[in-house]
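Once you've had a glance at the structure underneath, I'll fire off some questions.
Residue numbering begins at 1 within each chain, and the chains themselves are lettered A, B and C in the order written.
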Amino acid sequence: MFEARFPEALLLKKILEAIKDLVQDANFECTESGITLQAMDNAHVSLVTLLLRGEGFDLYRVDKPESLGINLNSMSKIMRCAANNDTVTVDKLEGADTVRFLFESPNADRMSEFHLKLMDIDSETLEIPESMYHAEIELPSAELRRIVSDLSTMGDSVRISVSKEGVRFTVRGDEGSGSVILRQSTGVDKPEEAIHIVMNEPVEQSFALKYLNLFCKAAPLSARAQIKLSKDAPLLVNFSMNNIGYLAYYLAPKIGDEDIEE
Amino acid sequence: MFEARFPEALLLKKILEAIKDLVQDANFECTESGITLQAMDNAHVSLVTLLLRGEGFDLYRVDKPESLGINLNSMSKIMRCAANNDTVTVDKLEGADTVRFLFESPNADRMSEFHLKLMDIDSETLEIPESMYHAEIELPSAELRRIVSDLSTMGDSVRISVSKEGVRFTVRGDEGSGSVILRQSTGVDKPEEAIHIVMNEPVEQSFALKYLNLFCKAAPLSARAQIKLSKDAPLLVNFSMNNIGYLAYYLAPKIGDEDIEE
Amino acid sequence: MFEARFPEALLLKKILEAIKDLVQDANFECTESGITLQAMDNAHVSLVTLLLRGEGFDLYRVDKPESLGINLNSMSKIMRCAANNDTVTVDKLEGADTVRFLFESPNADRMSEFHLKLMDIDSETLEIPESMYHAEIELPSAELRRIVSDLSTMGDSVRISVSKEGVRFTVRGDEGSGSVILRQSTGVDKPEEAIHIVMNEPVEQSFALKYLNLFCKAAPLSARAQIKLSKDAPLLVNFSMNNIGYLAYYLAPKIGDEDIEE
């Protein structure tokens, strides 16, 4: 038996919206410590990892580790049937081939129950080494989403460069070129709008804007986003969900792009 | 001469929006007591009936009963040209082949006048017998719209069952199944959110969600919706407009569906 | 060197939105006194003229008159990358083949820079004679947009007639006909909602609603719109931007339409 109760449907809705356009089917690995999901997109260019800690739930019980293979689009349809403030209980009996979603309204007038067929999904969990990143940026997630969306109107790939000047996002297209420069915040009036830049070494890499746009669908999950860059490693974009866990994305750089674009 | 003045265009706009996607052309029957409309959808599966009592108007005058054959889509376009708080006067001279819509802004600065060509529409008014329903449910119309819309993401038809447990709406689709259960409200904190269930006999029938979705376009007309079910009669979904009248829909059950879906 | 700084990106954004669907490419003529643009639509039926006075800018400098040939769609994409309250600096070095747009956030955390390729655009500036108009109407620009949009649902062209009665906008279509009548405001409660009509002589002309709809994209630029009509001249629709300048459109009447529509 596996059972987990979320205090509010909204969180789970946002998580689904942030993953389903990148990955179609994925295994939710449910163990004593919590729920994890790791999946690559169809093109195998990016990787999404989700952690939801058991202690973040109202109720969390795993008798035996379970791997729930789920079509994320179907699950998203089901989640849309929950009101944002409904409690959500997800459970599965041992041996069952479906998982149940139970939505209960705060005043208990309405209860909804959905059964979703489970799938067998081949997947192997990659061990992601803890890299030392050359540069780390923390910024409002809405700001990141805005930059990525803005620059997408002008081209397909963005070069991110971190230097003493700050962080520069550059795009080149047929009609022209553009760049956005973020500088370390000096004031501390509004800490939630602050931009923090830690640079151990200057670094510069190019990435497909298409994937960054998909990652930024996670912006509603977290007021702040973290970007970590290394010369020899994929980009990491992390959205932390307080004490509950995180949703993080990895993206391979576009090799050779720097030379072409110079 | 026929003449009717509505104090606010908004009501008429909402009525049009609630009918025009179900029925293309219909006769507005204007008699001394008020305006009625009765029409089946193209597939002859559902029936819509509208009543607007003469006393609900600011001014209402019928010298001789008139049957106004109107293309509802054209009338809807005209109604969209009225500001929500414009008064609307609809009139027709005897023998005229057009009906006039006159919109006047509250401050009388702006006046608009539209002439719509009338049509000859074959129709016979069905006598709808007053059934004894096995179960009657009254609920917020927004709640009904939400349930119908939610379940539509998973399948084409919904089974509505009323039992001691309450009312259950069930859908089965390829990806899984879902059901929403409503229970009789116990508290009376917010009477407008209450759910009232009167069951004379348990009843269970299946209906096409497509039509229920179209019926729920009437939700803006009334805060509350009534559903009435009988083993041997069409479903009735009624939206009452206070003392002005009502907009009601009838829908034939899907025969044999229960067996197939078990 | 040409350099102009706008205190807020929003104004420039609105101007682009109001022109780009009518004209693809246009020359911004930058002289000591300010920036002007004049261009005809592709079908050569309408003309748009823009004036931005130099004194309306935070900073304005023109060493030598410059003609900046710009693809308005590309410029609009760039402008969308500015936050509404960013300052915008537009500059171009002498001989350069690109123009630069520099966006700076109020707190100086974020700076964006875009380079747009300039184009050679053939154009000759028409001398527009100052006509004596037979009738002038001033009304809320939202009201004008609404009338034009409403009537577009019923037909392709509108006849505007100014008489003692007021201003009448009439449309005829296959399904029926409609007209909106505006009368001179009598009260002065809300001057921003007032309708002023000056008629030197009755006048009546027909215009393509398609163009009027495009002109009304300028409504966000100005709370008030002015319409000027003459028997022998194009219609003028003017949106005044306080002390900064104006955006005005000219539209040739549909010849012969009056007779056909009678």
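The definition used in the following text is that contacts are C-beta pairs under 8 Å (C-beta built on N, C-alpha and C of every residue); 3 or more make two chains touch, one makes a residue touch a chain.
These numbers come from a predicted model, not from an experiment.
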Review point. Both subunit B and subunit C are touched by which chains?
Key: A
**Study point:** Magnitude of the superposing rotation for subunit A and subunit C (Cα, nearest 5°)
**Key:** 120
**Study point:** Inter-chain centre distance, subunit A versus subunit B - centres from mean C-alpha coordinates, in Å
**Key:** 43
Exercise for review: Send over the residues of subunit A in touch with two or more other chains.
Suggested key: none
Revision key, fill the gap. Contacts from subunit B onto subunit A in the complex sit at residues 143, 146, 150-151, 153-154, 175-183, 185, 187, 193, 195
Point to revise | Interface residues, subunit A side, partner subunit B - complex | key: 71, 74, 77-78, 80-81, 83, 98, 107-117
